[in-house]
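Pasting the structures in now, so scroll down.
Each of the next two complexes has chain A plus one other chain: chain B in the first, chain C in the second.
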Partner chain A sequence: MIAAQQFQFLTQIVKRMPLLWRERREFQLQFADVAIRSLSTTITAGIFTGAVLALQFHLQLKDFGAESVLGGLNTSGTIREVGPILIAFMLAGKVGAYTSAELGSMKVTDQIQAVRCLGIDPITFFVLPRFCAVALTAVLLLVFGLVISVLGGMVAVWGIADIHPDQYLLTISRFASNTSLILATTKSVVFGILMGLICCYNGYQTEGGTFGVGESVRKTAVQSMVAIVIADFAITSILETVFRWLGWS
Partner chain B sequence: MFHKIINPLFENFNILFRSLSVLAKFQTSAKDIWKQCYEFGNRTFGIVALCVTFMGVILITEYSFHMKLVIGNDSMIPAFAMIMLARELAPIVTALLITSKMGASIAAELAAMKNSEQIDAYRLLGLNIVDLYVAPRLIASVFANVCLTVVALAITVIGAWASAVYFLNFSTGPFFHSLVVFLSPFDFILMVTKSASFAIVIPIISAYCGLEAKHGAEGVGEATTNAVVGNSITIIIIDFIITFLFSKFY
Partner chain C sequence: MIRFKDVKKSFGTKEVLRGMSVEIKTGEVFFVLGCSGTGKSVMLKHLVGLLEPDSGEIWVDDDEISRFTEAQFENIRKKCGLVFQLPALVDSRNLYENLTLGIRQMPFAQQQIVIPKALQDVGMEKIFPEIFDRYPPSLSYGEQKRLALARTLLPDPEILLYDEPTTGLDNKNALLIHDLIKSISKHRNKTSIVVSHDMRNALATADRLAVVDAGRVIDLGTPDEIMASKVELTRSFLEDLRE
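Moving on to the complex of A and B:
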């Protein structure tokens, strides 16, 4: 039900996509704003995701004496599966919730109605630049966070398990193949679009005064997380099948 | 710069100790606590079970890909995936979902109360909002989060078993045998420790963000966003610290 309405909302946005050039100024402002504000969150999330997973993989591999492959295994495991999910969870809170709160407070203070009274389409004016900015920044920040997570894992095992960075980096190319990179990039793109759609939809549909704004932020966070997990499952299954069909895996 | 970090930390600990002292003196009514347990537990059970099960199913297929590369032997995949899930992903995914659902709603509610000056009204009556509001949520959060994590892991074992039998051609016997051999009570203790520590963080930081909210609808939105982000970041840092301590003692 909600998914159908959100899909309808997405088609409305996509229909207005050619008008983005006219709103480029707002798009640039939103893009810079969201990207700069979320950079510290992304770096923290990336470093700690990589570090925690490196510790866990180290504990598991230690029993088998396979510590030499830790770098490759951790990098591959992080960028294929756990990294996109955890970093996207953090970004859903930061990027998505912020935009949702902004649109929601515009809605409850009747700014969107005011713009409509002036004869301007509010979806083109408010939603389109925000959707594009959130989707684009989320994709870029996810990829950036995944790169940072490699660094975090490297530093963590260097400090704690005494594995030298050279040895850590050596095995990465053996494990992280092109298919892993394709998988990670596809996941980042889809998660970014989902985040942008869900936050704009919930912000635009806000009702009920101040408390409604908080409620729509909560809805954004919950729906983004559930959508991300389900999309992750779907992308992994579909792409694995495609890779097997192409004979790449 | 320094006071910007120290002051919020001090305030958070203030809220924590205040609510702990109220709980220690048994000043919270049992009815409130059960109501919050329902909110934290039953209301979030659906999404937690869904998300953790999906994570388990994907994790087991990913592990089969990696383990074939590393050891060339896939008999230990279920055990490895389940250890990773129990030690790491089940507590953190559950905590992040409860953050976005309950943490955000605590922050939004307190911020809206502050906007409509209800908190000042309570203060005029000689009541502290932390005693009334945060204390029952704190104990309910710990109780519900630990229970949810355990139940979600149990459901995930079934999900992982189904996917291992269906996708990876495992038989039921070897699957559960490897779980029994490799999963230790230590993993379980780590899981409960992690989920309990995350659960203490959630209501405290959310309440702090709600109480510090600025005026107006933007203030409420900002407080809710801050609550979700602050909780997520704190949770992953605490996760790292607990894992580090655990790896020293293991």
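Moving on to the complex of A and C:
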């Protein structure tokens, strides 16, 4: 039911896409704000996601004397699965919650109604620039976070397991193929759109004063994480099938 | 002319308007008084399409608007400007952008003619040019209210709707807002509907008043008629004034 309403809300946003140029200044401000505010979170999440996975792989591979493939395995695992999902969780908690709270506060203080009374479409004015900014920054930050996570893994195993970066990088192309990049990029795009949609929808639907704002933020956090996990499973299943069908894996 | 004819509106099981009937003449300052939760604000929101009645008719001049679509309300919203109980300035936009929200389609040169006049009407013509790139939270609550009023005036609506315009203001600022309502109504020849619970200022400002209770008009008249009213709730409002 909620998913159907959110899908309907998404169609309303998509229909208004050509009007984004009218609100380009708000879009630019939101984009810069979201990107700057989330950069440190993305870098931190990226470094430690890559590092922790690298250490885990190293512990298991060294028993088999297969440390030479660590770079490739870790990069593949990070960018295909763990990286997108963990970084998306972080961004959903930060960017999604913030945008939801902002829109919710605007709703309960009559800012959205006031704009409507002045003859302006509130979805075009408030939601469209925020949705586009959140979705686009989330995609870019996810891709950036994945690159950082590869570097994080490399630095971690160099410092702890004394595996030189050259050796680490050597096997990346063997394991992290084009399919890994397609998977990671697809997930980043879908997670970004889901985050933008869920936070804007919950913020825009806020009712009931400050309590309602808190409720919207809570819903955004929970729904984003559940949606990301489900989307992750769906994308992996679908794309792996497509890759097998194409003979790419 | 605005007419509510037996308008009913419920939220869930709570009946808020229970057959609201009242007529407001063109050009008058009309006050709607009543205790909290009696449906005063709900009445105003029906006029700009923020709420739809369950039954009854609402007329704005020759249009029966109770079943209007969102697109049809476009013209009604040009005609009726609503000043909200809260200032409702958009926090993410600067003061200039807030002020010009209702006149975004107007050429810049024309905006520069109408803006000073609206600011003059709300007594902000001197301070505004220096602060136009600031954001709403940097203003005092009273200034935000006045700016919100200027924003509503700029598209030049024929009918001004004020939802508890003095809520949260001290006596001095409340009086200032009432003086503004009166002077704007006279100088710009606007119909004004003011929802309030401030009987003292209402008697001083209104051409006519309605007292609302439980979603119905229970008393109606000029300030003199209201002063002489025998209706119990009206009497209790008047007795509060004497204390």
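Convention: the second predicted complex is superposed on the first by the 249 of 249 C-alpha atoms of A that agree within 3 Å, B and C clash if a C-alpha of one lies under 4 Å from a C-alpha of the other, contacts with A are read in each partner's own complex, and residues count from 1 in each chain.
Here, a residue touches a chain if its C-beta (ideal position, glycine included) is under 8 Å from a C-beta of that chain, and two chains touch if they have at least 3 such contacts.
Keep in mind it's a predicted model, so treat the numbers as computed, not measured.
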Contacts of A:45 with chain B and chain C, given as first, second, both or neither: first
Winner by number of chain A residues touched, once chain B and chain C are compared: B
Which superposed partner A:217 touches (first chain B, second chain C, both, neither): first
Touching partner for A:120 - first (chain B), second (chain C), both, neither: second
Which superposed partner A:111 touches (first chain B, second chain C, both, neither): second
Touched partner set for A:233, first chain B, second chain C, both or neither: first
Touching partner for A:73 - first (chain B), second (chain C), both, neither: first
Touched partner set for A:102, first chain B, second chain C, both or neither: both
Touching partner for A:138 - first (chain B), second (chain C), both, neither: neither
Doubly contacted residues of chain A, that is, touched by chain B and again by chain C: 102, 105, 109
Touching residues (chain side chain A, partner chain C) in the complex: 26, 29, 102, 105-106, 109-111, 113-120
Residues of chain A that touch chain B when the two form their complex: 41, 44-45, 48-49, 51-53, 55-56, 58-61, 64, 66, 69, 73, 76-77, 80-82, 85-86, 89-90, 92-94, 97-98, 100-102, 104-105, 108-109, 160, 174-175, 209-211, 213-215, 217-218, 221-222, 224-226, 229-230, 232-233, 236-237, 240, 249
Footprint of chain A on chain B - complex, ascending: 47, 50-51, 54-55, 57-59, 61-62, 65-66, 69-71, 80, 83-84, 87-89, 92-93, 96-97, 99-101, 104-105, 107-109, 111-112, 115-116, 216-218, 220-225, 228-229, 231-233, 236-237, 239-240, 243-244, 247, 250
Complex contacts: residues of chain C adjacent to chain A: 48, 50, 74, 77-78, 81-82, 84-86, 88-93, 101-102, 104, 148, 151-152, 155
